[in-house]
Amino acid sequence: MRQWKKRIYSFILILISLVHLVPFYILLTMAFKEKADLSSKWLFPGYLYLDNFKNAWQSANLGRAFINNIIITVLATLCIILLSSMAAYPLSRRKTKLNTFIYTAIISCMIVPALTILVPLYKIMADVGGISTYWGIIAVHVTFMLPLSTFLYTGFIGTIPRELDEAALIDGKSRLGVFYTIIFPLLKPITATVIILCGVNVWNDYQYSVFFLQSTDMKPITVSLNSFFSMYQSQVNWLAAGCLMASVPLIIAFLLLQKQFVKGLSSGAVKL
Amino acid sequence: MKIQPKALLPCIPGFERGMLMRLKKMLNSKGIVNIMYIPVILLFVSFIIYPLIKGIGISMTNWNGYSDASTYIGLENYRKMFADRNFFLIIKNTLIYGIGSAVLENVVGLLYAVLLDKKSKAVGFARTAIYLPVIVAPLIMGYIWYFMFEPIGGAVNDILIAMGLESVDLLTKGTTTVWIITFINSYQYVGIAMMIYLAGLQTIPADYQEAAKIDGASSFQNFVYVKIPLLLPSITVNVVTNLIGSLKLFDIIVAMTNGGPGYSTQSLSTMMYQLYFGKQDAGYAAAMGIFMFCSIAVISVAVLLWFRKREVDA
Amino acid sequence: MKRRILSIILAACMCVGVAGCSGSGETEQTDEKGSALEGSISIYTNCVGVQAEIIQELTDEWMKENPGVTAEVVAPGADYENVMKVKMSSKDMPDIFSTHGWANVRYVDFLLPLNDMPWANDIESTFKELISDDEGNLLVLPIDQNKWGLVYNKDVLEECGVEVPLRTIDDFMAALEQIKTASNGEIAPMHIAGGDSWPLGQIFDQLATPAFTTAENNDQEALLNGTFDWNKWTDFSEMIKGMYDKGYFNEDIFTAKYADSAEAFATGKAAFCWYGNTIVEEAEAINPDVNAGLQPLPAFYEDDDMSFLNGEQTAFGIWKDSENIELAKSWLNFMAKGENVKKFCESESMLPGIETDVPVDVGFATEYYEEFADIRSFPIFDRAFLPNGMWDLMCKDAADLFTGTISAEQYSLDMQNEYERLLEAGE
C-alpha cells in the first residue's frame, strides 16, 4: 500500500516537472531544426544541425550582447542590493510615522505602470545624456527594482533581533557602523533572493532596454533576439537557439543560489 | 602619517566649538540612520514621481506624442475613455488577466508547495523544473506559446490532430484566448508563488502539526485549520504582488496576440501602448495610464486590507 | 573587509557612470574648414535583415574613404517607429534617419532641406512632391521605391487556370473563386498575416487606391480637404468583408505572421499576397524555385484602367539641428552613388528612387515593369490621403469587421471620427 502511494507520488512529480519543462523542450527541438524543416515541433530532427546557434550568435552579435547583459545585470544588482539594504535598515528599525509613510510610498511605486511614465522618463534621461549608456539603463533598472528589494530587505531585517544592534552600540560602534559591520553580513540569504528575483528581471528586460539602449553596441540579449522576429524577418529557429543560450547563465545562477534563495524567503520575512 | 580630521576643523571659517558638539550629537542621534534611505528617495522622486506628475499633465492635453504643439483640453481624454466603445471590454480583459492570474498562481502554487514540502532528490528536481520558466524572458515565453498555439504547425494542434480531433485556432477566440494568456502567465510565474509558500511552510513549527495530529485531525483538516491560517502572511504577499504584476501584464500579450484580433485580447497596458505609438494619441494614452495606476492602487490596497484583517483575526 | 568591498563596488559604479558620461559627450566635432571630414554620426534605419546589413557595409566603405569619421548604424527593427517617436518628443534625433513614407507629414519639422544636393534633380517624379515640404524643399534621399502591384504565385495561377492580368475587380473576384474551387480549398487565394496586425490594413490600403483615387471622377480632393463621404468606405469595406466571408483568405488570417505568408507563398499554398516585391525575396529563401509574377492593381470602375502604387521605401533625411550636417551630407552623397543604389535595390527587387547611370536589375519584376510600362502610378493611399496616425485603427477595425465584432458602418464611423480628430490636431 505504502509503496503504491509512493509510486503515485513520484509519478505526479514527474508529470508536473515535465509540464513545466515543455517550453524548454520546444525550444530545443526548434533550435536544432533547419528553417525549411516544417515537421512537428514535438519531434527532434533526425540530423545534427548547429547552424542556428552559430547564426544567432553572429547575426544578433550575441557575444557583445552577453557582455552588455553581464555588465548591466551585475552592476544593477549590486546597486539594488546596496541601496535597498541600506534603505531597509532605518525603515525596519525605526518605525516612526515618517518612516512608515516613506516605506508605504516606496512599496506603492511597484504599482506605477512603466508605460505611463516612459516618455517623461526618457526626456529626463535624454537631458542628462543617459541614453545608450550603461549608467542610464542601470539607474532605470535600479529604480524600478527598488520597491521589491526594499520590501524584501525590510521584512528580513525585521527578523534580526534588535539586541544585536544594541550590543554593538554599547561596544561603541556608531549607528551607521552597526549596519555595515553587524547587519549587512547577516543579509546573505535574502540577498540571494534579491539577486534571483531582481537579477532575472534585469537580465530579461525588454521594455526599458529598447528605448534606453539604442546604440547597436549596447543592445542586451532580449532586444537582439527580438529582432529575429520583427516585421520583415522571421528566424524562429535562431530565436530558439539564442533564447537557449541566453538562459544558460540564469539557470546556473539559479542552481547555485537556490538554497539561499528559499532560506531568504522563509523566517517569516516576506510580509506586507 | 594620519591627519586627525578634528585638528583641521578650527581652520574652517566661522567654526565654533559648539558646532562640533552638534555634529557629533547629530551623528549619534537615533534619527541619523534615516539618511540611509535618502538615495532611494532621490531616485524615486526623479525617475518615478516626477515623470508620473508630468504624465498627469500630458493626460490633459491632446499631444500627439512627438511634436511641440499640444493644447490643454482638461478632462476631455478621460471623458473619451469612458465613452470608448472598447473600454469596458479592455477593463474586463485586464481584470481577467489580473485576478485570474492571481487566483491561479496562488491556488496552484500552494498545492505545489504542499506537495513538495519534503526533502528528496525528486522533490528538488521538481521544484527546479517548476521554477525554471520564471527565468525565461516573458516576451520570449509569449513567443514559445505562440508556437504552441499556432493554428498551422502549432504544437498543441499537432496533439489534437494526432488524437483525431479538428485543429482549432485558440488565439482568436476572444475571451477564451484571454483566459489562455492568463493561464500561461500563471504557468510561468507559479514557481515564485510556490517558493514563497514553501518558505512559509518551513516556518510553521513542527509541534503545531504534531498537536493537530494528536487531536485526530486528518491531513486535510490539518491543512485548512493549521497551515492556511499560519500561511496567511505569505498568501497576502503572493496575492497582492501577483495582482499588481498581472494587472500590468504586457509582454506575453504582445507576443501571443498583440491584443488582437481587433481589440479582443487588449489589456489596459497594451491599449495604452497602441494609443501612444499607433494612434499617436499620447494625451489619451497618458489618461489611460493614470487611470490604470489609480485602479491598480485601489484594487491592491483593498485586497491588502482585506487580508490584513484576516491575518489579525487568525 | 566588507567595507573595503563596498567601497570598491561604489567606486566601480562611479567609474561606469563617469565613463558613460564622457562616452556620450565626446562625439560631436566637425572640421568646418573642411578638406578632410572628421567626427562621428549616427544613422537610424527601419531596415532589417539583408538591407540593414547592406547599409552597414556601405557605411563601412564610406568610413574607409573618409578615415577621420566614424558612423554608427542603428536598426531597431519593428521598434523603429516607437523609438523615433520617443526621440522626437525629447528632441534627441540621430544625425540621419529613415523616414519610411512619412517625410513630409511626420518628420518635416526635423528635416533639413536638401535642395542643393547634387542628386536633388534626379528624384523619381511621381513621389517627389510627397517627399518635399509644402514650400517644395526636398527633404530626403529616396534610395529605392516601391512600385506596388499585385504579386502572385505564377505556378498556382496556372494550375488553377487563372489568366492574368486581371483588369477589373470583378475579374479579380472571379479569379479568387476559381482558385478556391479548383484547389478544393487547399490553396488560400490570398494570404494575410493578421497576427502581425499591419498586413490586415495592407489590403484595405492598396485596394483603396483604385477604389477612391484613380478613376476620372475620384475622391482625392475630398479626402484632402476633409469633405470625404465616409459612407463610401462602408461599401468598400463590405466588399472586402465579402472576400473574407467567402473564404478567400488563409484560415489562420488572425494568427499568421509575416513569415507564414512567405512560407505559404513559397510552398504554393497561397496565390496572392499584399506585401509588394519583398515577399518574393523572403519566399526564395524557403523555396529558391518559387515562380512569382506581378501585375498592376485591378480597376474598380468600367472607364478606369489598372494602376500601380508608388512611393519611396527606404529614404534618408538629415536632422536639421544635427551638429554634423557636413558629414551627414557626405554620407547621403555616398549612398546616392550609382553602384551603391544598385546594390541596395537589387537585394530586394525594387526600383531605385533616384536616377543614376548604373542600371538596376529588379529580378523577377523586370519583365512585368516592362510589360506594364504604360500603366499609371499613384501615391500610396494612407500616406497621401489620410492624416498621420490612422493606420493602426484601419488594421484593428479591419480585424473586428472580419470577426463580426463591428459592422461596416461602425468601421466607417470610427474612421471618420479619427480622421476628423487627426485633421483637427494637425491644424
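Chains here go by letter, A, B and C, matching the order in which they are written, and residues are numbered from 1 within each.
In this text, contacts are C-beta pairs under 8 Å (C-beta built on N, C-alpha and C of every residue); 3 or more make two chains touch, one makes a residue touch a chain.
Everything quoted here is computed from the prediction, not taken from an experiment.
J.: Quick one: point me to the chain whose Cα centre is farthest from that of subunit B.
T.: C
J.: Could you let me know which interface, B-C or A-C, is made of more C-beta pairs in contact?
T.: A-C
J.: Compute the distance, rounded to whole Å, between the mean C-alpha positions of subunit A and subunit B.
T.: Taking the mean C-alpha position of each chain, the two centres sit 14 Å apart.
J.: Roughly how many whole angstrom separate the Cα centroids of subunit B and subunit C?
T.: Result: the chain centres lie 37 Å from each other.
J.: Using the touch rule from the top of the page, what residues of subunit B touch 2 or more other chains?
T.: Those would be 65, 276, 282.
J.: Which residues of subunit A are in contact with two or more other chains?
T.: Only 38, 119, 226, 229, 236 qualify.
J.: Residues of subunit C that touch two or more other chains: which are they?
T.: Residue numbers touching two or more other chains: 82, 86, 89, 196.
J.: Taking the touch rule as given, give the residues of subunit C at its contact with subunit B in the complex, in rising order.
T.: It is residues 81-82, 84-86, 88-89, 106, 109, 194-197, 251-252, 254-256, 260, 388-389, 391-393, 396-397, 399-400, 402-403, 405-406, 410, 418, 421-422, 425 of subunit C that touch subunit B.
J.: Subunit A touches which residues of subunit C in the complex?
T.: 2-3, 6, 9-10, 12-13, 16-17, 19-21, 23-25, 42, 44, 48-49, 72-79, 82-83, 86-87, 89-92, 196, 198, 257-259, 262-263, 278, 282, 285-287
J.: Residue numbers of subunit A touching subunit C in their complex, please.
T.: Residues of subunit A touching subunit C: 35-36, 38, 71, 75, 78-79, 82, 118-119, 122-123, 126-127, 129-136, 138, 180-181, 184-185, 210-211, 214-217, 226-227, 229-234, 236.
J.: Which positions of subunit B touch subunit C when the two form their complex?
T.: 62, 64-68, 85, 146, 149-152, 169, 171-172, 257-258, 260-264, 274, 276-282
J.: Which residues of subunit A touch subunit B in their complex?
T.: Those residues of subunit A that touch subunit B are 10, 12-14, 16-18, 20-24, 26-27, 30, 38, 40-42, 83-84, 86-87, 89-91, 93-94, 98-99, 102, 105-106, 108-117, 119-121, 124, 139-140, 142-144, 146, 148, 150, 174-176, 179, 197, 200, 203-207, 222, 225-226, 229, 236, 239, 243, 246-247, 250-251, 254-255, 258, 261-268, 270-272.
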